[in-house]
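One chain, chain A, links the two complexes that follow: it is found with chain B in the first and with chain C in the second.
So, the complex of A and B:
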């Protein structure tokens, strides 16, 4: 029982250092957010705008016998009622998912999960639209649902996807990586083999702002404008063009301020398509905003991996190989957002931060009568699952070997001189010095002192646990030779224009959902051309006003778009140098750049500032031969590799032996994301991710009953953590730049979400050591911890 | 945004006018106090009423904590926050502050009322357990006047009370007896969540011997009534760990929890035991250490 008065008073850091470039500065977007002046989708009001509400299936699996909309159509404020059959006539009843599956926009034949879209109403206001839903009469013929992924492939399971030609089971895909035979050989000779079943339950990103859009089709010029909750406006525009047949230049997708995304706003949801159809049909702007329950029940979930991990080691703790078998629950449609060649996302990095002899993973994915998605929660392209698996199984090994878990990790890290390091599953880790980061976290934690305290407490019957986790992420998708989504390469564009007075505008293809792009990207440009961040406007989220690119998810903005921003600024600087040489009447080679100005070598007083150069570039005077007026550039950046940020996390918990309540007492997070652009923003990302991780470890889960009813349909049922469940975060950092990124930066957005769940769970399991417990599955609610203490830890599904 | 079905809304100007409206509109109308139980159900369309009668303007009349010799009177519209902040209430019954600290969150506590809490009659409701523990009685007013009922009589079952369709809960009366103290312990999955289980205890000592004791549990079964067997087991003995254990066993044996997302029935039964012991222990410690330490605990 924590109350606010029990919380430590916060430290105050000087976050406003007004850097011209990298460094701590307050976020440029915050004045509007903290004044409540952000402009979100639901704030969009257009003249004559109508409101759309969606009728959803109350059951998980049923054949639709009939849909009667007459009463709804008779409602005085209703403008249209559309069913799956109506969409089928237009060829719009189905749409592609991001994983080359199809998904029903509105159900025509069957409903396949509770909450699936069945029909929609468009009315004069949102109340009437919602009221009219109750006037639609759907007759369902209930079918047996498939809820437990473990039974999805049994012979008597109902076939969910009978819409797919020739489909006779619920198999979605098989995938493998690594070398099965080589791994088997290593396991055969190992002194120690530890095997553990590990479940990563289904969770939900639960952004505070739910999904929605305003579709406005102008009949006269044939242009559709869509304000929408999208993390990837350009990718969405292309998909809409392909699905709807509207020409791409006649579609403008605008993502206004987003109230969180966490991967939830990567997919295209049926509701967006419904709103577009409604606007096309009615010629009026149409708004659709889902409510909280709709968001939790129907939109992209994350995780839902049932994993079996195996680790092989020598008896003195040298890890030799890791092998895993995964059953992946993809719900009713495969809506995973992942590059096409990676159906399991980047789960292949389950080898973690360790130098192994062999590794192998075999995965089977199945369809179940649950919501589709599998995107993401801080999507990380499934690295969250991979890191959880390896960091749990390494702890299981430490348990069996009776070794300290930090020591075991230190013994097995990939060593600095091994970078770039090619893992046994083919991933090329760019740079790292893991032991240094690990040792720093141990020092900050006072690791040895904590272990002494724990020993004393154990002797007194108190339960204290220390959890260690070390993660390596693979972010910044990705090189176009390997990665695409629906055929779109994962490169990102950037445009920079310096105005005559030396102010600038930079246009990005990525889209912030809270990460602080308006600040970070201004700083990246500022660092390169010396214009203060306050003088640089960042434009994003509008396909008519930004260059093409694949958007923000999987921590890819800084690794990909950030590189583009730095390079486009360098391109502008190169042109500025030529103009400066004309202004100073010296050769280009005789100029030296100090941030913000060029001066003649050896004569610092002969100098021109970037602002002077901007005015000259737009002015009336002569420019050097062959140089056009203006000061701007554009680029499309194709990353050479992913970046591999990493971190060492230590969590300290206390458990009440009488009630099994877990208190996270301390959490030490040392992150290495290479070059740090704005440390305050990095810390903010880490704080959020750690909170998220504590939530997943302790309370979050989208559960279903046997009939397939979703038990997490409100924030009273689906718990997310509050400030009272988390300690005062202790963050630290090391800096190991990425060798291939132009400014050495790596991603940070998801590091903490990836790294913290195993740290918390490892701490809880460590606390329960006196009970002989080696593993317990998330979410570790008091009841589930107590079950473990009674000797029967149970999987959550 | 979740939107309720259409309804008509009226602000009550006096208790009697509100009763008049209820009498006229019958089961199609509902009072709204803090709205933190009623409105979520209406937004989810689990409950639809044609009329809402808002009694918040009656806060002047029905929002108070009055300490008198022998009893404390609490107006039905007194808000959680007022209960939490009342030093007089905490001095007479520390159990109130214990409970209010862990009921919901500040936003809910600023609006939610004790009357709404009791009338909602949710088996997980904390103030019901508190009032049961304290042997409260409830003053109900209707067209034909006022009547006073005990907590046992007040609760008819989950979400069902003795308050009729045309009646209003006006006041909760809490008897003060000398030599006593009280405490509340709750386990929740997360701050602001409803109880997995909670237990309240009130103990009275005379010359080092328990003259009376009461325990109230929340979230472990359909009824929120006290457990007389515990009172019987404790009366006449000096407080001891053995005695608490016995009380805990009785609590575990006499409740009827179900397995749900908050926890397994087995775990909840264990908590009924554990939290009963803790609440009794705290209450006795508070008697022994005197009223001065109340503020700190």
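So, the complex of A and C:
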């Protein structure tokens, strides 16, 4: 690992080289969106296009006795009806998941969750396709469902995955990290040990645009074009090639504008495969778009971790060790989208931002009769769960020690001089100055004044709470030596072409879902090569026109692809320097780079701009020996480490003692994501994540009844915050560059989603302190808060 | 059945199924795809258009019910005089990210401003509370509508990218911590 001083940045700290790229810049993508001219998947309409609709299981667990499609086939507008048995004949009934499990494309033997795909219809229009679904008759032999993960491993639980040879239980995997014996030794000698059961309920990313695709197979040239809601078009293309047998060069995956993603658009869903099959069979373009209910009941959920946390400390508040036991509910198929060597994602960073003596985690994952998924909703590969665990258990410790939660955190932070810091679970934190960030958040909040106000209100019987949370993330997966998805290393390519007139096009392997890549990547390249961002076109989301890379999720775009963009621009600049030396007739060593031009050292008037150089590179004149024409480059960036953004969040809530309604009065968020590329966009990323956090803490949950019926299958039942449930956010920042990233940047896209739920819950629990409450489980709806006030802080199992 | 309506000032006549939703009629038949479809339950508001100057959720209106009425969609916000200040405000204040809820939000915002040219924060929040944005956290949408309220003639061409002067919530850390503060010192 490089040190801060040795980081590979040449002009980074020089104020005279003030970036032309970085800074608040309006977004290049906005002019089309504000005119309604965005091009989302469902906006695509091809000549002769047919519409596909999916029949889904109404029950959670059942054997399929028969499927009768006769009446549906007779519908005058129906072109095809396909069942699991039809797909099985072609060997396409099952597909691999991103976690080396398999998932049914269409059910053949059993249905394993409510909403599972059973058959599909292709028809002339979307209404007719839906009509025909009603004509399919499926006979189900209902089986006992396994809904509560706590009962999944009991001897009498039905075996869900009897498709797997020799499978006799619902065990999915075991995983552990840290040192069990060393942790036990520390716990044995500790003055104080606090234990707490903590549930992170199942939630759903629910992007405003649901998932879908248009598959268009051209029989003559044997080429499949798939417009699809994909955050990872290159990875998807490779998987389709492996599954379908179509050669990879004959598959073009295009992710058009995406109406949000949040991890929901990382997995490959059966619907995509169905549309591809339909287009192959019928030779026509076929569109499949989920409705909202299908999105909520069948696509990638998030969380569903049942955790037991334990923390050991001295009586004066030095945290010594953290230990946790996790029961992970993975649903009917293990569809986790995470690096394969990390079945629990990056949950291993549950040690948080604290300098510990020991840590240990043991996890058991089980199958249940619920939808598959697990890694989604801006979770940074399960860091959301890890941060929630540690930040809740630290607050439980503060409660027991009667210490201020901010003071307790300040006492235990990893100190700046300890970086790079290797955690007790093996993660190498790159850089940080946690106390500075924590203190800034306290200053912005007016922390001491808030505590005084709280004391006054408590004396009057009013319920006001102040919640503190501090998080560190590990984002930017990842080093290819140990991170891959289905064998694909998690690197990203980038190509930069400078045209003769000095305008440029940069091609990315990642894909924006609203993060503003068309702007920020132009800014990154502009910063390095001196071409204004307005003159740089960003191309992304089309596998035929961009270099290979693993896509946008886990806050990896800036840490990985952003690094690639900076380095490819430097590669082009290196070539430009050689061409400039020929144009100015001096040696390369005699040139200096300033804001888009090279000049002769000591003679700023003897200069050529990058635009001059671009024309020379493509022109008819001589070039220095050994230099080919053109001004372009391509690289593939393999990160040497993850980046570790962090932040300090403070939430202030008021609870109505009569109705138990929680009002989030203030939320102060101070983030450190290293070098900041576009502060406006960063602020937007943080605002969105904070809203997610308030949603999860107060209202969002995908619940099930005993029969396995999903109780969160519409936006009437799965509640998402509106403008009335969230405050005006107060944001701040510190800047601690990543030492190993070319421009010192870290990820920011998921920080607030990760960090805010514990801040809100800590605030609510703090408000309920007069009731003797130390913990209450999300979502803290009025009824749950009311129950907590009556002495029942967690719902019955 | 035959339906006739005015859409963005132009009369359109079409043959439709009686059950056709207005959102699908606009999107699939008229190819006005700026209006989106995000839920089935009238909760998300990505489908908001105007019917006779009132915002409606077009997923809950039959196209037949719009017969004889005037419909205005996001495509009708920009006029010969240029962008609507609401559109400009959303760009200036980062009121959108993925852009999917944006057309509906802007249609509601324009209706609000026509009714009340100077709405406060709470009025704006209430006006858009029937709509969901998953990206922005709403604060920048509120700022965008305020920008439009304070710039009824749109953007000042001389300073197109200036920080909006009336931003109500300056970044509190800008003064507290200089850029590049932190542990690199």
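Throughout what follows, the second predicted complex is superposed on the first by the 774 of 797 C-alpha atoms of A that agree within 3 Å, B and C clash if a C-alpha of one lies under 4 Å from a C-alpha of the other, contacts with A are read in each partner's own complex, and residues count from 1 in each chain.
The rule is short, and it goes like this: a contact is a pair of C-beta atoms (placed from the backbone, for glycine too) under 8 Å apart; a residue touches a chain by one contact, two chains touch by 3 or more.
Because the structure is a prediction, the values reported are computed rather than measured.
Is A:43 touching anything from chain B or chain C once the two structures are fitted on A? First, second, both or neither.
second
Could you tell me if A:293 is touching chain B, chain C, both of them or neither one (first, second, both, neither)?
both
A:672 in the overlay: touching chain B, chain C, both, or neither? Say first, second, both or neither.
In the superposed model, A:672 contacts chain C only, not chain B.
Which holds for A:658: it touches chain B only (first), chain C only (second), both, or neither?
first
Using the touch criterion from the header, give the chain among chain B and chain C with more contacted residues in chain A.
Ranking chain B and chain C by residues of chain A touched puts C first.
Looking at the overlay, does A:711 come into contact with chain B only (first), chain C only (second), both, or neither?
Touch status of A:711: first partner only.
Just chain B (first), just chain C (second), both, or neither: which does A:127 touch?
A:127 contacts both chain B and chain C.
Per the contact definition in the header, classify A:787: touching chain B only (first), chain C only (second), both, or neither.
First partner only, chain B.
Looking at the overlay, what does A:465 touch: chain B (first), chain C (second), both, or neither?
The answer is neither, since A:465 touches no partner chain.
Does the superposition put A:722 against chain B (first), chain C (second), both, or neither?
In the superposition, A:722 touches chain B and chain C alike.
Would you tell me the residues on chain A in contact with chain B in one complex that are also in contact with chain C in the other?
42, 126-127, 291-293, 714, 716, 722, 724
Which of the residues in chain A come into contact with chain C in the complex?
4, 13, 24-27, 29-40, 42-43, 45, 126-127, 205-210, 257-262, 291-293, 416, 419, 431-433, 436-437, 440, 443-444, 513-516, 670, 672, 676, 679-681, 683-684, 686-692, 714-716, 720, 722-724, 726, 728-737
Would you mind writing out the residues of chain B in touch with chain A in their complex?
My answer: residues 1-3, 5-6, 40, 44-45, 101-102, 105, 186-194, 196, 261-264, 266-268, 270-271, 274-275, 278.
Okay, in this complex, where on chain C does chain A touch?
Interface residues on chain C, with respect to chain A: 17, 19-20, 24, 27-28, 31-41, 43-44, 46, 73-75, 77-78, 83, 87-88, 90-92, 94, 96-103, 106, 121, 124-126, 128-142, 161, 163, 168-169, 171-173, 176-177, 179-184.
Provide the residue numbers of chain A that touch chain B in the complex, in ascending order.
Its residues touching chain B are 1-3, 42, 126-127, 130-131, 134, 289, 291-293, 658-661, 698-699, 703, 711, 714, 716-717, 719, 721-722, 724-725, 781-783, 786-787, 790.
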